[in-house]
Every structure is written in C-alpha cells, then in structure tokens.
Amino acid sequence: MPEVTLVEAINLALGRAMEDDESVVVLGEDVGVDGGVFRATAGLQKRFGSERVLDTPLAELLISGLCVGMAAQGLRPVGEIQFMGFLYPCFDQLVNHASRMRNRTQGRLTCSMVLRTPHGAGIRAPEHHSESTEAMLAHIPGLRVVMPSSPERAYRLLLAAIRDPDPVVFLEPTRMYRAAKAEVEDNGEALPLDHAFVLREGRDVTLVSWGAMLKETIAAADELSAEGIDAEVIDLATLKPYDEATVVSSVQKTGRCVIVHEAARTGGFGAEIAAIIAERSLSSLLAPVTRVTGYDTVVPMARLEQHYIPSVARIVTAARKACQFS
Amino acid sequence: MASQRMADEGLPVIARFEVHRRNYLKSDGSIARPVPAFASDANLLLSLYRAMVLLRHFDRKAVALQHTGRLGTYAVSLGQEAVSVGIASAMREEDVLLPSYRDNGALLWRGVKLEEILLFWGGDERGNQFSGPVHDFPFCVPVGSQAPHAAGVAYAFKLRREPRVAVCMFGDGATSKGDVYEAMNFAGVHKLPVVFVATNNQWAISVPLRLQTGSETLAQKAIAAGFTGEQVDGNDVVAMSAAAEAAVAAARDGKGPRFIEAVTYRLGDHTTSDDASRYRSADEVQMHWKEDPIGRLRTFFVDKRMWSKADEEQLAADCHERIEAATERYLAMAPRQPETMFDHLYADLPEAYAAQRHELAGEGDA
Amino acid sequence: MPEVTLVEAINLALGRAMEDDESVVVLGEDVGVDGGVFRATAGLQKRFGSERVLDTPLAELLISGLCVGMAAQGLRPVGEIQFMGFLYPCFDQLVNHASRMRNRTQGRLTCSMVLRTPHGAGIRAPEHHSESTEAMLAHIPGLRVVMPSSPERAYRLLLAAIRDPDPVVFLEPTRMYRAAKAEVEDNGEALPLDHAFVLREGRDVTLVSWGAMLKETIAAADELSAEGIDAEVIDLATLKPYDEATVVSSVQKTGRCVIVHEAARTGGFGAEIAAIIAERSLSSLLAPVTRVTGYDTVVPMARLEQHYIPSVARIVTAARKACQFS
Amino acid sequence: MASQRMADEGLPVIARFEVHRRNYLKSDGSIARPVPAFASDANLLLSLYRAMVLLRHFDRKAVALQHTGRLGTYAVSLGQEAVSVGIASAMREEDVLLPSYRDNGALLWRGVKLEEILLFWGGDERGNQFSGPVHDFPFCVPVGSQAPHAAGVAYAFKLRREPRVAVCMFGDGATSKGDVYEAMNFAGVHKLPVVFVATNNQWAISVPLRLQTGSETLAQKAIAAGFTGEQVDGNDVVAMSAAAEAAVAAARDGKGPRFIEAVTYRLGDHTTSDDASRYRSADEVQMHWKEDPIGRLRTFFVDKRMWSKADEEQLAADCHERIEAATERYLAMAPRQPETMFDHLYADLPEAYAAQRHELAGEGDA
C-alpha cells in the first residue's frame, strides 16, 4: 500500500465516490482539465467526463447555489472553492438555503452536497488566501462542518461527507496538503461524521485541536512528555455537530484543557469548547481553560504569517501553566 | 425605443441585438395581432380566466385573514394574475417551478392546495410540504437567491438527458441581484433547459424601476448572458402563455435558456405590511387599472359571446366556496408540536441536539 | 422631553448625524420616500435630499460594497439591510474588505461605515426574517459589532458608530423597535463603543445578555428577586470588541453566570463569554456557567417562533439552578 | 458577428443594440484606420512603449525572484502590457484606480514604485501603502469584489460634484461575478463617472472564455446595465489609450459609465503557481505571440524611423538598472515587527486586543 499525501487522499475519495455513485458530480473553478489548483481533482475529468466534472464560471455564490439546485434533484454535488477567502459569497446560500432546505420543506426537498475548501495560512500565499473562519460555519444549524488532519481521515471523512444526506462544508488543511503523508487503503470505508479522535492518550492535560494545528499540537505533546507532562490530544475533526462527550470525558479525566486553533480568538470555535467544559465539567477543572489561537487581527501576509499561527512554544507554555496552576 | 449607442468614429459593428415585444390581447379586449394556435381553444382560455379569478378572490380572503390576525404578512398578485398563471400553464407536471413569494398563481395552477398556501403564510413550514409537483421549490423569500438553484436543477436535467425544464420566477427588483446574473450566465454557457421570468411590476416595494436599473428593458439583461430575452405584455394572459410555451419548448428542445420580461403593474400594496400610498399616487394606480388582465379577457369573452353575467356569478360563487372550505381546513389545523422544529433539521438528528429536542418537548431538561 | 420608541431614536440619531456632518450618507432599499420598511429613515430624504438618502437597487452585496468605496473617499455611509436574513450577501465585503481596508493599506485607506440591520425573531414575519447570527460577525477582526437594547442606547451608540473611524455592524432589536419607549434627549451625545452596561446590580448571579433578550432577562431578574435571588444584569451592547472587564468582575463578585441570547447555542457569542469566564474567573465560580439560548435549529416561522426564543421561565430556571448548585 | 435572435413571429422590435470594435495598429505594425489625434504625439507613443517594455522586464525579474524564493506568488502581464498601460495613460492623478492583481502596468504608470510592488508580492502589507495617488485602491485579489467599491467611489465624486473618474479593472473571469454586475447596474442607474475595464485574456486560470460565458462578446454585458460597451484590440496600445480617453472623458463629462472589453491573450502562466501547459497547447500560445503589443509598436516605430536598435538597447539597459536598484531596495527592507500586525487593525487599538499585541511583542504574556 503506497503512501499518499492528504491532497492525494482527497483525490482518491472523490474518485471512489464518483465510481460508486453516478449521482456524484464535481464542480468548481479549474477542477476539470487543470485538476484543481491544488490537484485535488486531478484526473477526474478524464475518468468521468466533463459533464460530471465541470469547470464553472468564476462565481462562488453560483457554485454553492448550483449545488443546492442539483441536490434538490437528487444529485450529490461536490463543489470546490479555491480558497476559504472566496467562500464568503457562498454564505447566503449556505445559511438561507443549503442548511434549511430540508427543514423548510419538512423533508420534501433535501440538500446532500459538499463544499470543499482549503483552510488556513502558512503556505506564503497572497492576501485573502489564509482564512480560518470555521467558527462562522459551525454556528449554522442544519449544516455539518468537517476538518480532517491526516490523509486517512481526509479520505474517510470526505467519503462520509459525500454520502451524508445533508450539506457539509469540508475544510481541508492547506499546510498539510502535501506535508502529511501516510498509507491509506482505498477501500471505500467511511468514518462517522460526529466523532472526535483521541490521537494520543494522556492523564495530565487535554489538548483539543483540529485541522492543520494538530501538527503543532502533537509536537507540543511530545515536548511536554519530555518534561513529564502527559498530554491527551484530541482531533475534534467534526465541528458541527461536534463530539461533546469525548471532550468532556477527557477533561473530566485530566482536569485541564488547552484548546488550540488557528482562527482569531474572539468568537472562535475554541470558545464553544471552553463553554461546554465550563458548563459540564466545572467541578473537574483543576485549572482555567485556556485557548491558544491566532490573534484577533487580520491574518498577515507571508512575511509575518508564521508569527500569527500558534507556535509549539505557545501551546507548550499554556499547557505547562495549566499543569502548574493552583 | 432604445437608441444604438457609440456609433461614433465609424468603428465597425461586431454584434447586433434586438429585443422584441409580444402582445395579442389589448387592454380593451381587442386583438393586436394574430393569436397563436392554442388561443383558439376556448376551454383553455376559460381555464386561464378561472385561475386568475380564483387567485384574485383568494388574495382578497388572505388579506382579510391577515387583517384579523389569522395570517402573517401576505403578498397579493392584484393586477399581475396573468403572469404566474400564464407561465404555469405552459409547464408540464415534471418540470420544476422555482417561484418567488408572489407567485401563488403558478403554485395553484400546479396543484398546490389553497390551504397549503395559507399554511405557509400563516407561519407553518408544512405549507411547503405541499401537494404540488414533488420537485417544485417552495416560495423564495430572499429575493433572487433561487436563480442559481434553477440553473442547478436544469443542469441535472441536462446531465440525465431528461426532457424537463426549470422555470424560475422573480421580480424586477431581483434583476439587480448578482445571483440572478450569475445563474443566467451559467445557463448561457451550458444552454441549459431553464426559463427565467422577471415579473416587471414597476416597483420593488417603494423603489421604482428607474432606480432599479438604467437599462431600457429588463429583457435585454439576457444579452449579457448570451441568450434571448423577450418583453411580453404581462397583463395579457394569452401573450404570457404563448411566450412561456415558446420558451419552455425551446428549452426542452435543447435550444438553451430564455428570459421573459412580463410587463405588468402591482395594483396593490407590496404586502400587507406595506402602505403604497406613501410612495406613489392614487392616480398612477388608477391609470393602471385600465390594463387589468382579468377585465380585458372578460371583455374579450363577452365580445365573443363566450361568457355571460351568470357565468361570472357562478364562477364567483365557486371561488367563494372553494376558498371558504380551504380556509376552514387551514384554521382547523393545529400548530405543530414545538419539538418538531428539530425533526427535519438533519435526516437523523445528531445526538448533540437530541437533548434540546427533549427539553423542548417538556419531557426533560437539557 | 417626549418619549420615543427605539426606532424613532434610530431616526433621531440618523438625522442628527446627517445634520452635523455632511459626509454622512444613508443608503439602502426603500430608505428614501418610503422611509424604510420599519420607518427608521422616515423624513430623512425630504430633509437631506435624494443624493444623501438614496434608494439602492435590490442588492445587499452592492450596498455593502458601495459603503466601502464611499468610505475610502471620506464619506460616512450608513447602509440599511432590511432584515438580518439578507445580510449574508454582505459577508464577503465585510470580511474581505471593510474590516481590513485599513490594515491592508497600513492606514492609507480607511473604512468608516455603518451597516444597520434589524436583528431577531418575534414579530411574526415571514421566513428568513428572524435571524440572529451576531456571533458570525463578532468573529471578524477589524469590525465592530454593536447592539442596543433601549431607545437611549440606540441613539447614542448609533451616533458613536457613525462617528467611529472603522466599520460597524449595528444590529437593531426588531422586537423592541416599537415596544421599547423612553425619553431620549437629542443632544448629539454618544456612548463609548466598547463598554457593557450594568442595568441592575446584584450579588447572587450575573445575567449577561444583549439586544431584545434584555427584556426577558430583566423580567427574569424581577422574578428571581421575588424569590430572594439578587441578579446582576449586564447589557453587553458591544460584541466586538466587547467589555471583558465588566463581565469578569461581575462574575468574580457573584460567582455565578447565566448567559442569555436568542441565537442558536452552538458557536453563539455566549460561548465566547463563557470561555472568557472559564479562562479568567475560574476560581471565583460557584456554579457552572450556563447558556440560555435559542435552540440549535432553524428559527421556525411564526407559529412556533415563541417556543424558539428563550423564555423568562428558562432564564429563571437556569439562574435558580446556578444558585442552588453545590 | 452575433446574429439577431428571436425574429420569429413578426413581433415588433422595441430595442436595438450594437457593439463596436476599436483598433488602429495592426499586428504587423501597419495602420488599420485613421489614428486619433493624440497618436501623432511621438513622445506620448514612446512613453507608452517604454512603460510596456519596463513592465515586461520587471515581470521577468519578479518571476526570477519568485523562483529563487525571494518573492511570493506573482502574476505576469506578458502579452497584455498594452491594456494596463493604455488605460492608465488616460487617467488623471486625481482619478481613482481600482486594479486587479495583474494590473501592475497601471500602478507603475501612476507612480507606484517598483520596490513597492515587489514588497506587496513579497508578502508585506506596506506595499499597499504606496507612493501612487493616495486614493488609489490596492490590488484586488478576490476577483471582481472591487467593482462595488468603484461605484461607491464614483458616487462620492458625483455627490461632491468633483470632475473625477473611477477606473475599475478586472479579467474576463470577473465578468461572471455578481458583484461586477451589481456595480455596473448601479452605475447605470446614476450615470456615475466610472469606467469598467475587462481584460479579456481568454483564460481564467485554466477556464477558457467559452466556459466562462455564452455571450459573444464581453462588451455586450454593459447592455444589461444600460450603458455602452466597446470591444478594443487590447494588444494595440493606441486603441487602448484612445478607448480609455473616450470613456474617461465621457464619464468626467457626466455622460455616465462605460465598459471596455480589451481583447488580448495571456502569453504566460496564470501566476508563478500555475503551469499553463496542463490546459493549453504550446501552438495556441505561439500563435498569439504574433499579436504581441510591444512587437507591433516597435515595428511601427521602426517603420517610421523613430526607433533604432541602439534606442532599444539603451531602453533595456535603463530598465535593467531601474529594476536592479529597486530590487536591492526591496531586498534590503527588513520585515515589520510582528506586533505591528495590530497597528492598523482599528484607528485606535481597543483595549481588548492590546494584551495580544503585547504578547506578540514578546514583552509580556497575554
């Protein structure tokens, strides 16, 4: 079994889904001949034709709205938005239509669609290419929000997203597209869409993160372990709905929690995790719940972006502080 | 007539476009030009007439229900009945309608029940779970946002080689929205089986057409998307039906999308929440009553001795009866249980929200 | 001094701002002759002309984008979006441009603009007219988000918003437009844009809320007081940036906190408040921080909306529970 | 030539439109039709030429910097130099430019320094704090989203009775975006002093024009907004400059907006992150080299004996020197301090974020 990168795993999942189910359609800018600006759709148009793998005009609102219409007709569209910074024109369709078509029509029309987009900074891309505003999406009832952090989870969660009968925004960790590499068996098996993954068990402190930040979070756990601090690492993976139980029971065990995300702190999804802990595990808490996050400012362009993204050192410091708290 | 611009400097012309206007039945009930074949079918004309009259009676009832607190905000079709009825009359059951909030006439024609429409405007989602064609869309409230859906639906038809057509209806105001343009542009690229219908009733709430766009017609907006736009007398149900027939047939034949501008006038308030006298004169409204689509067709029938006063009274009585019966069924319908607000959120309610549903059901306490 | 409703207070503030500063321009759908669907701009076009009070085409993205362009030219545009459900097409302009024009150009171009929109359910309006997605906005760096809950604060905070050199989304509590009535002196005095208001002092529990939910929250405080529970009520009023200090010091005093908002719970702005408490006041907490919020579902249409909006009873129960916690 | 559609059934025509095409200098350097007056000013033509050549040299350097890790993603203008240079040449200092990421040529003409452009593409916001006209907008990356800004800027001009013009530039891909349409439609309503320029280089990354729109020209998209669109040979800098002159003058005179479609071809990759050979043939590109805007103007000069090989060498040397000096200044510029990422977030940093700035400065620990 050869190793694949995360973006290759995405490609495998798309190919598998299209093979299995001819109602799956891939659409977006440059997804056809070009195979996508990150090559996530490479080869698909050749395999499945230009009707099922179609290059749309340059219009993100359109892409999301087409998905809603196609889905109402029983297709399973998978739209690609080139960068998360170009997802905002889709918000009207996501909030007002995709997420509530089933509810509005009491189940008569449904909306099985996926909108995929790269998430996060760190690849020295131009302005507006470094967004991580998953919290805005995770607040929308009726939507699912998913973010893998390994080739394996990318493959299996994307398959689950495509097969899910409801709309899913699938956020792909840009920094990991080529950096993460692992064996993935292309066997069509999916993972559940509302389970968090405990990537590493530990007794002293719970580190909760998602997407590309797992890399720094795991590295921090390694450093902490060298200091004798035993960190549990949770990949939340699905943000909407999210797996409260896994987070809460981990914190009940460790008594300490550090939440790590790349997005700006205020109103980030880390707040939700902290809130659920404050609500459900207060009496287990041995230290304040802290958030190690991007700053509350616009993500800077390439020259400063590394200062914006939470570092291993910031995570380690926060976890250490939590363990020393009294 | 729009002038041709930029003919200066003798530069060569590389593209030319024309916008046509379609009308048959003039406002006095006389005929402007040879009518299309279907218009010689008296039964069809009568059924169009009956549908328009039903709609007008129904609107009146709905407004009364709203005024007495038994219905929410409601948008009447007064003066515009020929548009939605004419368009729907050209569609097949298997086609898909994507209507705006003012297209009751089209829904009724396609089999949605009066009480279902009341239920929706009464604030109950079950109104969208209607008896009309199962793939038809619910009323769209965010103006113009259903246009991309229409393109998506039409794309599915084309992909599956199904001879079906999507019909998307919206107002003059909606033609200012980027989503409508994006959808039309995409439809133009793929020659999709979709018909876009702009009901140009001259007003978007208080905003008159001249502040909505600088274009001489709405029909010409299709030129930007590479297909044909036609202007139609929207108060002439024969013209509306004929234009829709032509457009739907072309779309079904693989000839690509069409755009229809139906020129009409909103004789009533925008909705029951609006007071149109704040922004337009009674005189202006009065003047447009002369164009009334129902009156002119009645005159035509009467002139042809196809219709009597007794027929009219009978029709009114029928409408009344149907509407009253539907209203009773509507009013008798108990509201949903509060916790059902979770029942169609996802196909299967995620565990995370089950507790909230439970709390709402008063059975527990999340 | 006559009493005015909240929407009349908005109207007074707009008139005052336009009078004081001729760079203030009001734009939106039906803001002209009609005076706005809620009458917030009534009479302004007559006073200031149709160039300064202009009816736009029906296009919300356009309204927000025009504001950005006008502001870059030194105007102070105040755009109206008819209902919050129609604000989503503005997100691209808000996130990608309005909130970062100053930052992108290092201060060369700026964006002093206000986008006003009614917020919340409860007036038996049609579908898509009952949104309360303030949390999505409060996550955007560079933006300000403000929500008054009385005629006085509506007047003074709107003046502040218009005079502020940066972009502000001003959310107006629809249910209170005509229901709230009070004396307001039209003296042009503004309130600060990052201060919370303690509407009622108390020792036992802190109730934090904003916008129209203050009505139920205050009523709950009244009920609690009858039971001998002394609740402190805070109107957050500005959500971005928000006044952490007032919230934190209140909770440090009371040891208990209930957050009340109309928006769906998951990822709502209540999470941020709970998170800051879990981070900064853990040791003062005598009970879990709870959130009384709208449910994590699509706001239902009129027939069920009252079941969606948090009730006085739900708030009372939560506060009582907090006080009984041990 | 676009056919006139829907002439069936003898319905009356209510509006007619034409699209013209402008060109003067053919690809072989000969003259297609009488050139406009300004083109007899040899110095002006030479300065246009110099600007195009500088841009081409600069692009080459920027790509080299990118390849060696000293610059971020960069978009060259290869083959399109006449568009941005020609447009900018018709603007006044007090006008406002709203460019796309590929309009370096216009910024340079307007006084932005080479090192400022490098700074921006090198990933430093200070590149947008440039020495060009103070009200000019920075490069716009989210395609088409600057079009509403252009309308807002032009509205401010009109409101204040200032004789200034906003010029908004974008690509063929951008013409599919709803924001561009919405902005154009608004400009049409108020006859705003704004010129929209679509650089039609046939490709939006890998998406060819035929998948972008079904319309025969981009120029005709202005018809939907009620104003004039003109197609221009975008490889003819004389035509570009003349078209821009005409449009800017009309806008300044209160005659309302204009739309210019500049037909050209992207000879290079989309950006340094792209590999165009994945989606188009070398033959196609080769064929378009014949249209090269720089080559044809040089031929014209040479034919008129206005330009020698020595002139060309001198120009190349000058460009080289300017570019090398600018590069050195760029490379010598230290990055900003990390905490400055908070310095232009708000006019005054709210207390809530001061602690974060402090943490970032390494002075404290938030």
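Order as written gives the chain letters A, B, C and D; numbering starts at 1 within each chain.
We adopt the following convention: a residue touches a chain if its C-beta (ideal position, glycine included) is under 8 Å from a C-beta of that chain, and two chains touch if they have at least 3 such contacts.
What you see is a predicted model, and the numbers here were worked out from it, not measured in a lab.
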item	value
Best-connected chain pair, where connection means C-beta pairs in contact	B-D
Most remote chain, CA-based centroid, reference being subunit A	B
Separation of subunit B from subunit D, taking each centre as the mean of its C-alpha atoms, in whole Å	42
Where subunit A and subunit C are represented by their mean Cα positions, the distance between them in whole Å	30
For subunit A paired with subunit D, centre-to-centre distance based on mean C-alpha positions, whole Å	36
Residues of subunit B engaged with two or more neighbouring chains	125, 142, 176-179, 182, 185-186, 189, 211-213, 341, 345, 352-353
Subunit C residues counted as touching two or more neighbouring chains	56-57, 59, 61-62, 85, 89, 92, 96, 103-104, 127-128, 141-142, 241-242, 266, 296-298
Subunit D contact footprint on subunit A (complex, rising order)	29-30, 32-35, 37, 55-59, 61-62, 85-86, 89, 124-129, 265-266, 295-298, 300-305, 307-308, 317
Subunit D to subunit A touching residues, read off their complex	72-73, 101, 121-125, 139, 141-144, 173-174, 176-179, 204-207, 211-213, 273-274, 278-279, 335-336, 338, 341-342, 345, 352-353, 356, 360, 365
Subunit D residues within the subunit C interface of the complex	96, 125-126, 128-130, 134-135, 137-138, 142, 145, 147-159, 166, 178-179, 182-183, 185-186, 189, 343-347, 350-353
Of subunit B, residues touching subunit D in the complex	1-2, 4-7, 9-22, 33, 176-182, 185-191, 210-217, 219-228, 230-231, 246, 256
Residues on subunit C engaged by subunit A in the complex (per definition of touch)	61, 85, 88-89, 91-92, 95-96, 99-100, 103-104, 127-128, 131, 133, 135-136, 138-142, 240-242, 263-264, 266-272, 274-275, 277-280, 282, 285, 287-291, 296-298
